[in-house]
Amino acid sequence: MENSDQIIQYLLSGLSNGSIYALIGFGFAIIYNATGIINFAQGEFVMLGGMLTIFFLDVFQVPILTAILLAVGVSTAVGVVFERLAIRPLKNASPLSLVIITIGASILIRGAAMLVWGKDTHALPPFSGNDPLFLMGATMLPQNLWIFALTVMIIMASKLFFNYTIFGKAMRACAFNSQAASLVGISVKTMVLLSFMISAAIGSLAGIIIAPLTMTSYDMGIMLGLKGFCAAIIGGMSSGLGTVIGGLLLGILESLGAGLISAGYKDAIAFIILLIILFLRPEGIFGKKETERV
Amino acid sequence: MTKEQRDIIIFAAFGLAVLITPLLLQGNYLLNVFVFIGINTMLAVALNLLLGYAGQISLGHGAFFGLGAYISGILTTRGAVDPWLAMVAAALCVGVIAFIIGFPILKLKGHYLAMATLGFGIIVYIIFNETVDWTGGPSGMSGIPVLSLGPLIFDSDTANYYLIWAVTLMTMLLSINLANSRIGRALRAIHDSEVAARVMGVNVRLLKVQIFTVSALISALAGSLYAHTMTFIAPASFGFNFSVELVTMVIIGGLGSIYGSFLGAAILTLLPEFLRVFHDFDIVIYGLLLIVMTMFMPGGLSGGFEALAAAIKRRKEA
Amino acid sequence: MLSLQRITKKFGGVTALEDVSFHVAGGDITGVIGPNGAGKTTLFNIASGLYSQDGGEVHLGEKNISRLPTERLARLGMVRTFQNVELFGKMTVLENVMVGLHTKSKSGIFSCACKLPGQIREEKTIRSRALTWLEYAGIAELEGMTAASLPFGKGRLLEIARALASEPRIILMDEPAAGLNSRETMGLAELIKKIKASGITIVLVEHDMELVMDVCDTVVVLNLGRKLAAGTPREIQENPEVIAAYLGEG
C-alpha cells in the first residue's frame, strides 16, 4: 500500500471508531446536561449492549434484530434501575459520595457481567457479512458502513427529539434551569430518568454496532467509556455537533497515532489526548467557560 | 487521660500486636498474607491522606505503586544499583512525576478528577505492558534481588514481615501525626469547604499537590518493597482493578481514619484467603461495598467503632 | 483602608456591576445595602478575590490586590464570612477556629509528620489562642461539638470567631444577620461593635436595616449594579433616590 492509501485507511477506520466515541459521548452529555452528573457507568451500557445481544442470539436463538431490540431494552432497564437506586437517593450527597457511588455501581455492573458471562471475549456476527469494500484506495468492511449510517441516524433522531418533541424540549429546559423548569410543570425527576434511559439506549446501541468489529468482553466498558467521555469533553458536553466532532477527532487522531507511531499504544494515545484536554481546556473546544457562583 | 496519651497507648498496643503476630503464627502460611496486609496498609494509608483527608479522588494510585516497583526492579536488575539506593531513587522519581502531574490534575474536581486519574493509571499500565525491553512486558519481570542489611538478608516471610511492618508502622505514625496537626486540619478544611479554606489563607492548590506527592511517594515506596519481597512483578498487579481495590479499602476502613485503612487493607487482603469464591465475586463485592458503605456507613468501619464506643460511654454515664 | 475603583463585572449578557467605586475608611463600619440583585455579594466576591472583575481595581491599603487569589488575602489582613455560613462541617468548633490561625502558624508537612519540638509548641499555642477567640465570640462551651451540628446562630458566631483568629485588619461580612432572630441579631450587633473597638475595619452587606442603622458609620447603596448613594445612615435614610429604589422594588 502506498503511504497516501495508508493514511486514507487510517482516516476511515478513525472515522468509524470516532463515530462510536461520538455516540458514547452523547450518552455522557445527555445525562450531564440533565443532572450535572458524569455517569461513570456509561461505558458499561456500551458493554451490555454487545454482550446482551450475543447472549440473546446464542442462548435464545432469536433473529438478530430481535436480539438487538431485547439487548437495548434490557440495557435501558438497567439504566432505570441504576438511576432509581444509585442516583435518585443521592440528590443531597456530597460530590465525593456521588462519585464513589457511581463508580461502585459501574463496577457492580461490570462484575455482574463477569459472573454471568465470564472473562472470555465474544464475537457478534457482522450485520451484513465480511466481504471488504474498496473505497478511495482503502479497504472497508460493511460493518464500518453500518456504523456510519447508524451513527448519523441516531444523531439525527436525537436532534429531532431534542428540538421538536415536547419531551426533548423539556429536557433541554431542565438542563438550563431545573428550578424554572419545575415551576412550569416539568417533572425534573422524570426528565432525569428519561435522560438515563436515552443514554443507556444510545450507549448499548453503540456497543452493538461496534461489537462485530472489536471483540466484546465484560471489561470493554472502561476503555470505551473513557474514550466516549473524552469525545464529550472535547465537544464541551454538548448533546450536539460538538460531541460528534469531538468523537471523530479523537477517532482520527487515535487511528493516525496508532498507525504512524505505535499500535500497542493506541489506547494510551486516546487517554493522553483526554488528559491534555482536561488540563488545558476542560470546557472543550466548543464549550464555554463556567463561572462558579458562591 | 489526655487525647495525646490515649493516642500513644493505642499506637503502642497496635505496634505490640504487630510485633508478636509472627510468634503467634509460627510459620503458618498466613504470615505471608500478613506481609501483604502490611503493604496494602501502607498503600491504603497513602491514598487515605489524599482521599479521606483532602477529599480528592484518585482511581490511578496503582500506577504509583507500579512505578515504584518497576523503577526499583529495573535499576536493580538491569542497572545493578544497590536496592536501598534504588528504592530512594524510585521514590524521588515518582515524587517528581506526581508533583508535576499534580498541578494540572488537581485543578479538576469530582468526576473529572476521577476520569483523569483513571486515564493516567491506564496510560502507565499500558507503558508497563509495552516497554517490553525494560519491563518484560505482560509476562512480568523476575529476578529482582532481595534486600539485605549487612548480615541480615530479607528473603524469608518472617524477615520480610518485620521489614515491611517497620516501614508501615512508621508510615502510620507519621500520618497520624500529620492528621492531628495544622496540615491535617488544613486538608480536612479543603475537603469540607474549599472556598472557606482559601479565605482563611490555606494555599489550597499547593497543599493538594503536596499531599498528592506525599501520597505517591509512599505508594512508590510500597512498590519498591513489594518488588524486593516478591522478586517478581507483573503489570496486572498495578492496573485499574487494583486501584479500585485500594479505594475500596479506604472506604471500608473509613475516610480519614488511619487505623481504618489498616482494617480495610486487612479485610480485603484476608477475605480472598478465607473465601475461595471471593476471587470470582471480587469485582461485584467491591462495587457493592463501595455503594453500601458510602450510602449507609460513611464513616466506614472505624466510624462504626467510634459510634459504638460513644454509645457505650453514654450508657456508662447515664 | 479598602478602596474599590470603577468595578465592573459581567456574567454573559448580564452586567452585575457597572463602574462601582467607593472607599472604606480604616476603623469604620461600612454597610453595603441595596435591593436584591443589586450586586452586593458579587462585589464582595470580587473584593475577596473569588471572582475576577472585568474592569476596575481593588486596593487594600497601599497594595493593589485586584489580581491576587483569595488565599493571599488572609495574610494581607483581609478575611470574609459568607451568606450561607461556610463552616468546616465535619470538624469541631475548636478545630474550625484553629484553621483560622493557619496564617499565624507555619509548621509544614515535614515538621508536622515528625512532630518536631517547634511544631508541638506551636500546636499548643494554636489551641489556646483558638479557645480565646471562642470565648471572645461567646461560644467557648461549644468547643467539642461538630460544626455541622450547631444551631444556625451559633454557626454564624463560629464563622466570625474563625475569621477573627487570623487577626485581620478588615473583615467583610456577607449578610451576617440573615436567619437570626432579634435576640441573636442584638448579640451580633454587640459583637460587631466589640470588633470595631479593637480597631478592625468592618464592611457589611446587609438587609436588616435596624442593624445597619445601629452599627454602621457609613452606608453605601447599590442598585442594579450601580452605586446609588453613599453617606451616613441618616443621610441615606432620607435620600429620595434610595427610598424610590426600595419602594420601587416592592
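Here the chain labels run A, B and C in written order, and each chain numbers its own residues starting at 1.
The criterion applied here is as follows: a contact is a pair of C-beta atoms (placed from the backbone, for glycine too) under 8 Å apart; a residue touches a chain by one contact, two chains touch by 3 or more.
Nothing here was measured: the structure is a model prediction, and the numbers come from that model.
**Student:** Which chain lies at the heart of the structure, taking centres as C-alpha averages?
**Tutor:** Given all protein C-alpha atoms shown, the central chain works out to be B.
**Student:** Which chain has its C-alpha centre farthest away from the C-alpha centre of chain B?
**Tutor:** Using the mean of the C-alpha atoms as each chain's centre, the farthest one from chain B is C.
**Student:** So, what's the distance in Å between the C-alpha centres of chain B and chain A?
**Tutor:** 33
**Student:** Mind checking the centre-to-centre distance between chain B and chain C? Centres are C-alpha means, answer in whole Å.
**Tutor:** 40
**Student:** Measure off the straight-line distance from the CA centroid of chain A to the CA centroid of chain C, and report it in whole Å.
**Tutor:** Centre-to-centre distance between chain A and chain C: 46 Å.
**Student:** Tell me, which residues of chain B touch at least two other chains?
**Tutor:** Residues 191, 195.
**Student:** Would you please write down the residue numbers of chain C that are in contact with two or more other chains?
**Tutor:** Chain C, residues with two or more chain partners: 50, 82.
**Student:** Listing for chain A: what residues touch at least two other chains?
**Tutor:** Residues 294.
**Student:** Which residues of chain B touch chain C in their complex?
**Tutor:** Touch list, chain B to chain C: 174-175, 177-178, 181-186, 188-189, 191-193, 195-205, 210-211, 214.
**Student:** Would you mind writing out the residues of chain A in touch with chain B in their complex?
**Tutor:** 37-38, 40, 86, 89-90, 93, 95-112, 114-115, 222-223, 226, 229, 262, 264-265, 267-268, 271-272, 274-275, 278-280, 282, 294
**Student:** Using the touch definition from the top, list the residues of chain B that touch chain A in their complex.
**Tutor:** On the chain B side, the touching residues are 55, 57, 59, 104-105, 107-112, 114-116, 118-120, 122-123, 126-127, 129-130, 191, 195, 240, 244, 247, 251, 280-291, 294-295, 298.
**Student:** Once bound in the complex, which stretches of chain C touch chain B?
**Tutor:** Those residues of chain C that touch chain B are 48, 50, 69-75, 79-80, 82, 86-91, 95, 98-100, 102-103, 105, 107-109, 112-115, 119, 122-123, 126, 162-163, 166.
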